[in-house]
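This report refers to the structure that appears directly beneath it.
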């Protein structure tokens, strides 16, 4: 299996299955001399961890990261940062009933066909548990990106949409609600909606918006590795993501060029920002903002018709613990992946001129 | 400048500025023994070339590809395929008036800031002319992917949307209209809309839908290199693209899991296909389909206020030749990038099992 | 720090410092379906571990590998294989006296200058302890390379050279002597020499020869990634290595082409094998053989004049435990690195033809 | 075919067969703002080109490089530098007689087996003609490495060895002799030897020594991408190379550690330099020096028994034009590859600290 590494210079490789001994990662390319705040890293992990509120899965995981290398006397050494997160709540027996079943819209079938074998316990490698490793590395990236803020929030759940543009929101309030929507009134509605879906044993999707401030002009490698192309790949690699748009996005397709073009001001800033902070694949100093679409997760607490490995019709039972809506826990993952992309492009940007 | 290469195994590196001597590329990793149909490659280039109809730029380029290596006696040798496309209509003097100007929503400003220097002639490296090299490599990829069809078409221009799902369309008719929309009535409306925009010296955006049939189960490398993540990056790397969604996409965010899950049929097929042919990052044998959002291109034939390299207010004149809507010419580019992604994952898929 | 990963498809990333919590690695790209013999892996580690005989360092390390992922029910899953080897004998206080000292011909000075910081305990990342992770991954590679034998042995220590060509040796006897030389008489002399050097508190270098049998025709990617170029890099990346030669090597430079050319026999075999089993960078089916030169290791038990971080003259004390000659313990490392190169090229070779 | 690219940041991809339309390359990652001296590049190519003296092949090639992109107004743009070298003397008919023959110790057999197909004309992709592209890129690398000198010379031909250490030689005299040995008396002997070998229709090998001065402390990425490991791979990837050693090399294996260790002086310099300017894989500021072993090239002007593609015994005729000794023409190739490695590590070194 290729595809377990992300980034060119600031490069994360992850490993681990949902119900193995541990998950973890190796982060290469972090420059030496960075003071590491381990508490801040753990705080990001805690934002992602299960069981944090009534609208997330009730599974409990300590999700404590252990650093094995690369940090000495609190400072990065320039050497690879190895870390693990032990799997403490691996109730594998919960999964014996689905050992030879293909759950609809999960990766069970495709893994079985691709690899022959598969670790059926909790989705194995395909579980979103893998993203905890991304959050660890992303938290280190955030510490490298000192003057940059990366703020994601839930902007829609199902048909409930927060219509205000991000500029009108107080993004410091995102963490005030368990759904991670900065607008209190909308947050309450979202929570009620998710709760009602949960009671049905069902799940629901939504959109996360991410806003990045403070990126200087010049990050992004044109042609294939455009900054937004790497952000897109980063976001699309998160479990359950179905779409990505930045700046004017899909709605920009309905505009005329004369409206869409962002006029320059004498200081090099632009009067509007339909470009979303990126022009020609390179940051232009304006805010970068984008939307990420999440489908309703496939694990539902309802019985579903399906097939087993022998191709026979079966019923997949809905039981156990699940997230009725992954959006709240996905907010730190979106931020982490954005941070990984930016850290990588920050380092690459140092090489553009003699 | 990193970022001029795409793919891990089937890997294209491109070079060339819009008004230099030539653009071109090197395609590595194409297996030996593939019979090459050069006419089919040239036909793809011709679908992309300027001046092909009244709704594209009137600039004329021969866009003749010359192969320099890698093909001997009509067959790939396993060695890198080097090719060039000479720039025959490089009217560089057309650009002397914008030598020190920053055109709004182009890459002029970001290139100047990032690299210090820039080739101002026709956008230099940031020009969409670079995509001709992608079309060449994509055409080779299509020949490698014998039993797979990749069909893109224009599904919206501005507010004009072809509402029918792709299953209800006859995609063989896409090439029948100059706008590359398979529905004749909608195509006519699109052409009229683009023509009216052209007369205003303006531009307009739209959406291209792409449908891929025949991909077997098992392509895609989970975690970071999910098949749809690589498709997203590929599409987002095309000039003027602002968004990507596959399967249920953004509209899937409004669904419940119980509706969104695709039930398995006894043959391993699924009764619905909200997954868009990819589950857990791996193809599941169903059709792969996705949408790509294009903004209205930045080159308009209207005067615009802007700044020059000295930061002074100026007027950028609208003159010369331009595409009022890039969608028709972008159809073969979308297909080419999809083909590059699939060829790369096809080869990677050979390594998943002992 | 880049440079912690090796291989393109079958790719190992390692992490860990000599006196941190653990060292370890992530092995990507191992195909699914390989039955893993963990005892065989541990046996390779044991061949490398310290304290194994009177002519190696007397430091004791358990060197027990723990697999965290990628193997389920004894079989590779196609997912990354994460593993750690805890550092159990990290007597860091042994190193406090050299905290700000630069030991001659170690990496202390260059690490300090490059990274600012350094983990001075036992050489930190620059310690040959890192190679234990390579041995783990190499042992997996050996299991993937079912019909290939990779046999290294000590062919010289100082001026003591085993003059017989490998064809005249019984390589199954290599493990019979603690110095890992298959000729018993020479082995005894080598042991005596190393022991005398040890008593002087000094160290001595030597040469390891490696013989690989069973590689089919066609492995190796010509031009830059020639099979022998990758073997050279692999070997040169091992601590203390100063030289590499394959086939006729340096002595081949004294030959005439008419003598050096290997005549083909009707079955495609060659009558001689000065080519060393590789022609044009691709294996030709003959035995691959090469020599690796190891310098005397820098840690000696003698006082040496040097400088400290302030640039002041000091004396570096010779104390503690050390290897008087690394050759015996390097034999499994050479084999492991050869196995990694071959496994990677084996997988790449599957992609050379349609 | 993978393996046509070299370098991580400063990255060259080459293409082209010996008798195709052209060979060439794409150089990515060269920073913007470098003034390019095209005459200096052409001068390096001329050092490598055939027909330059009586002891090289009499084949004539113009070997004129044409730059297609990446340089504008004499300065690098940060965009990829594409270039071609047309093949002007492609007398392919010279090769029709060996169309189905396997020349001993060439790549004919291994290419045929690996790829099925092969371009038999002049060795196709396996020809050393490919190295002309490396010389172009290496010449650009030299211009990037402003304060670094890279000087290679022929230090032995057959049994004729220049015994003086490089410090005792005037390396500015290397170009004074057609054999590129800086000692006039030895050069004359070498020329006479090569000439006598040529008259026999035979070939002879030798050693090139390379000395690099001016590399600052801190280049090289430890563990796998040690500076000397990358130099080794670079050199071993050159056609006909059989061995590499740096610093004390193979002779260092006979030394004791107490003699081999390089004592530090108070300024951080070392009193001796058995380390060869690299410690722990990182440059230490001392001279870097290494030897490269070249076998006698396989093309001889004598009849040789061999086989054809059908496995039948045949005689390969010795006719045409050939190099009796590749060493003189290989000197600029060794320098070019060294420059590529250093340029890449120079750029990487910028990223080691925050």
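What to note about this one:
Here the chain labels run A, B, C and D in written order, and each chain numbers its own residues starting at 1.
In this section, contacts are C-beta pairs under 8 Å (C-beta built on N, C-alpha and C of every residue); 3 or more make two chains touch, one makes a residue touch a chain.
Model, not experiment: these values are computed from the prediction.
Between B-C and A-C, more contacting C-beta pairs join the chains of A-C. For the pair chain C and chain D, the fraction of shared interface numbers is greater than half, so the two copies use mostly the same residues to meet. Ranked by distance of CA centroids from chain B, the top chain is C. Centre-to-centre separation between chain C and chain D, using Cα means, comes to 26 Å.
Distance between chain B and chain C, defined via averaged C-alpha coordinates, is recorded as 46 Å. Once the centre of each chain is set as its mean CA position, chain A and chain C turn out to be 39 Å apart. Contact with two or more other chains is made by residues 1-2, 4-5, 9, 14, 29, 32-33, 78, 114-116, 125, 351-353 of chain D.
Those residues of chain B lying in contact with chain C across their complex are 9, 29, 31-34, 78, 144, 222, 347, 350-354. Taken together, the chain A residues at the contact with chain B in this complex read 1-6, 8, 14, 102, 104-107, 109-111, 113-116, 125-126, 130, 156, 158-159, 197, 200, 202-207, 217-218, 220-226, 228-230, 232-233, 235-237, 242-250, 252-258, 260-268, 270, 274-276, 279-284, 291, 293-300, 302, 304-307, 311-313, 348-349, 351-353. Touching chain C in their complex are the following residues of chain A: 1-2, 4-5, 9, 13-17, 20-26, 28-29, 32-33, 66-70, 72-73, 75-82, 84, 114-119, 124-125.
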